[in-house]
Amino acid sequence: MLFKVEMDVNVPQDIDPTVFERTKAKEKKYAEDLQASGKWRHLWRIVGQYKNISVFDVESSEELHNILMGLPLYPYMDVRIEALCRHPSSVRADDS
Amino acid sequence: MLFKVEMDVNVPQDIDPTVFERTKAKEKKYAEDLQASGKWRHLWRIVGQYKNISVFDVESSEELHNILMGLPLYPYMDVRIEALCRHPSSVRADDS
Amino acid sequence: MLFKVEMDVNVPQDIDPTVFERTKAKEKKYAEDLQASGKWRHLWRIVGQYKNISVFDVESSEELHNILMGLPLYPYMDVRIEALCRHPSSVRADDS
Amino acid sequence: MLFKVEMDVNVPQDIDPTVFERTKAKEKKYAEDLQASGKWRHLWRIVGQYKNISVFDVESSEELHNILMGLPLYPYMDVRIEALCRHPSSVRADDS
Amino acid sequence: MLFKVEMDVNVPQDIDPTVFERTKAKEKKYAEDLQASGKWRHLWRIVGQYKNISVFDVESSEELHNILMGLPLYPYMDVRIEALCRHPSSVRADDS
Amino acid sequence: MLFKVEMDVNVPQDIDPTVFERTKAKEKKYAEDLQASGKWRHLWRIVGQYKNISVFDVESSEELHNILMGLPLYPYMDVRIEALCRHPSSVRADDS
Amino acid sequence: MLFKVEMDVNVPQDIDPTVFERTKAKEKKYAEDLQASGKWRHLWRIVGQYKNISVFDVESSEELHNILMGLPLYPYMDVRIEALCRHPSSVRADDS
Amino acid sequence: MLFKVEMDVNVPQDIDPTVFERTKAKEKKYAEDLQASGKWRHLWRIVGQYKNISVFDVESSEELHNILMGLPLYPYMDVRIEALCRHPSSVRADDS
Amino acid sequence: MLFKVEMDVNVPQDIDPTVFERTKAKEKKYAEDLQASGKWRHLWRIVGQYKNISVFDVESSEELHNILMGLPLYPYMDVRIEALCRHPSSVRADDS
Amino acid sequence: MLFKVEMDVNVPQDIDPTVFERTKAKEKKYAEDLQASGKWRHLWRIVGQYKNISVFDVESSEELHNILMGLPLYPYMDVRIEALCRHPSSVRADDS
């Protein structure tokens, strides 16, 4: 089951740079593992913004919730979610 | 070069159903051809809405403009566009 | 899997009243059947508005999409959807 | 009398974690007691958000006001309220 | 139980003036009767706008719903509702 | 001359509670005096919110300005103002 | 007593040009008379828009209401109103 | 050449009152000088708000920019600007 | 004096195609003449939209107003305007 | 390939003025170098605002992303981006 998730990261100006770099490294590892498992199917950066757009492929919305809550950068994020389904004009067998 | 495009279709209540069905059939063919060519890389329906979210892979923004202007349903659409680029945490070599 | 759906009905001023009454009767039947089947778990009217708030319990977001697209009043509706999950403070075993 | 209440919790970045955990524990107890009494009829988490959607069943809007003002997390909340009533298509005898 | 209701009237440009005058006359009678009964406690016009702000005193939100749905001008209205309660600094014994 | 005023109070999280309690006490006294004088004609709390809706009866908009600027909680307030006048359907002789 | 009024004129595409020219001529006469009387103190056009910004000097908000309701173009207008008062840094004795 | 400028002043809660009073005094002097020179043609306070609405009469938009950037309170301001021109219905020879 | 102007063209669905093509041809001629004269300094299409972004170089805001009001497509346009001035980091002597 | 970029700079009230002046000097140098290279084609200040509007001419959206991320003032900026293309009515050979 697919969900589109848009994540905007708002970094406080006064954050400790060491803490922030460590959190970003954890976030990268977390994202790579979920991509390897197939759960985090797409991950793109929006040009000129500290934002990404992602597509998740999960068993249930509960699973999506747990994945998002576990994001190391979640406390700094604004998140917008929309459920996706197969488009009648889509030709990709595995894209829905 | 990737662009995310969100298309909302607003069908006027008083549209001639024959005309509309014919236009939708043309739209389907147009979308399938562009998917086959690799230009229209992803196409998902947003659940419960007459909206899609798409990812296009084009040579230039001019090419994207021409593709969108050629959509048979374009006169009924609201379109929002954002340029995408590779995310530093992405593990997919081909960015999709 | 639970989804909250808010439906706003916008009736055009110049609608044929006979057609509209017939469509509303179909909508009522459709809603009652889905409530009986357990898919449409809650249905409340918002006070003073031609709007409802509903909770659906479906197997997948695809199923939700098909249910909503089948609503006889769908062409007159604005629809907003949010996926729900169990709240850690909820005491109801069956989540409703 | 039913009211839908949406609560968004905005936790300040610099909150003392001990104080916050204690407040969340109080909030959980408060919510469980009100659910047990039947006043807080439904409580769902919105997926991927620190937000809930709730339905309260109260004697008066004054009672709702007092319940909400007593929420231990109220100082961190944005709250949106709508009065609900029975929907003419509802089939649940006790859901209005 | 008090509710503040704001009503914006949007008259279509092409309305039949005879029908509209008759509807406005019915609306006036309806408002006067509800004021006489004490249900429609306050009714003010917003300066320079085809809008009013009203305070209703009803037994339940269901009663408010029925009153609003019965407004002869309701099909042309946008309505916003907020539940009110006694303010701790209010000195008027009967104003809550 | 009547004005509707909506006041939203935004209390900073880090306010000194003693100072805030003292300011609230001053606000209460200020509101009671203006109600006694007839200038602050109505004062209601919006349910579940730290907001009120008020109706002022003043000689001039200058007088309203001075009253609002003198509110002890004014520095923490968002204020929205609309001029009111008699509604043609109002039956209350003294309500405009 | 001064009020700032912003008026946006939305002309329907299908308006009868003869009727519209006649209404605009009436509006011009109405505006000129009120300027001559001193009630309509300032009238400026916003560059590139079918909008004006005006300052009215009236005895009461009731008088402002009646002036605005009498505007021949009122049925095509969106109107926004704010009460003005003397600014402490103003050097103009007559406030304009 | 006329420009309407709306200035909203947002005073931080924790500002040093001495610094702020000094800045306000400078602002007053600055506004009085520009009014005396005819550049700042109108200056009104919006009732109940820490906002003004002003009309400037400048040689060029560059001159307006420099005047606004020089406002002692500029760092605390939100500013909205619209170019004005003579209204065809205006009767004031010098008001455009 | 430079102004940025954004123009959104909203073509009614039921426009007579012959009339519309003729109006577009006039618009093209009008835009070309103003570009040739140097008044309409830049004209770009926004990708995927029936919108342009333009920079005008005019003697006064009155002149800009007259140019915009003369646009053959003006009745179908939404227009947003902002005055521009030289940026302190700009290296182009002629500001374009 | 052209992109319009609007940059709003939000300077925190409590920024160290020395750090800020140094950052602004770096920003100026960075902007001048990119203008010299032809990448940053236009740069205008919006009147009365700490905002600019720019046009970039880049090889790809990836290149635009890297330029923007490298802006010394980027951490204080809100950025809005739109892809541009040649307008059919444009007469400038090199402006698309």
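Per-chain residue numbering starts at 1, and chain names A, B, C, D, E, F, G, H, I and J are given in the order in which the chains are listed.
Just so it is clear, a contact is a pair of C-beta atoms (placed from the backbone, for glycine too) under 8 Å apart; a residue touches a chain by one contact, two chains touch by 3 or more.
Since this is a predicted model, take the numbers as computed values, not measurements.
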*Stepping chain to touching chain, what's the minimum from chain A to chain G?*
3
*Which other chains touch chain C while also touching chain E?*
D
*Could you work out which pair in F-G, F-H or A-C copies the interface of C-E, where over half of the contact pairs coincide by residue number?*
F-H
_Centroid distance [mean C-alpha coordinates] between chain I and chain C, Å_ = 45
*Chain centre separation in whole Å, for chain I relative to chain D (CA means)*: 51
*Between chain B and chain I, what's the gap in Å when you average each chain's C-alpha atoms?*
28
*Approximately how many whole Å separate the CA-defined centres of chain A and chain B?*
22
*Any chance you could list the residues of chain A touching two or more other chains?*
2, 45, 47-48, 61-62, 64-65, 81-86, 96
*State which pairs of chains touch, listing all of them.*
A-B, A-C, A-D, A-J, B-C, B-I, B-J, C-D, C-E, D-E, D-F, E-F, E-G, F-G, F-H, G-H, G-I, H-I, H-J, I-J
*Using the touch definition up top, name the residues of chain C that touch chain A in the complex.*
1-3, 60-62, 64-65, 81-86
*Partner chain D, residues of chain C touching it in the complex*: 2, 4, 27-28, 31-32, 35-36, 42-48, 52-53, 55, 82-92, 95-96
_Taking the touch rule as given, give the residues of chain I at its contact with chain B in the complex, in rising order._
11, 13, 45, 47-49
*asked:* Taking the touch rule as given, give the residues of chain D at its contact with chain F in the complex, in rising order.
replied: 5, 12, 61-62, 64-65, 68-69, 75, 79, 81
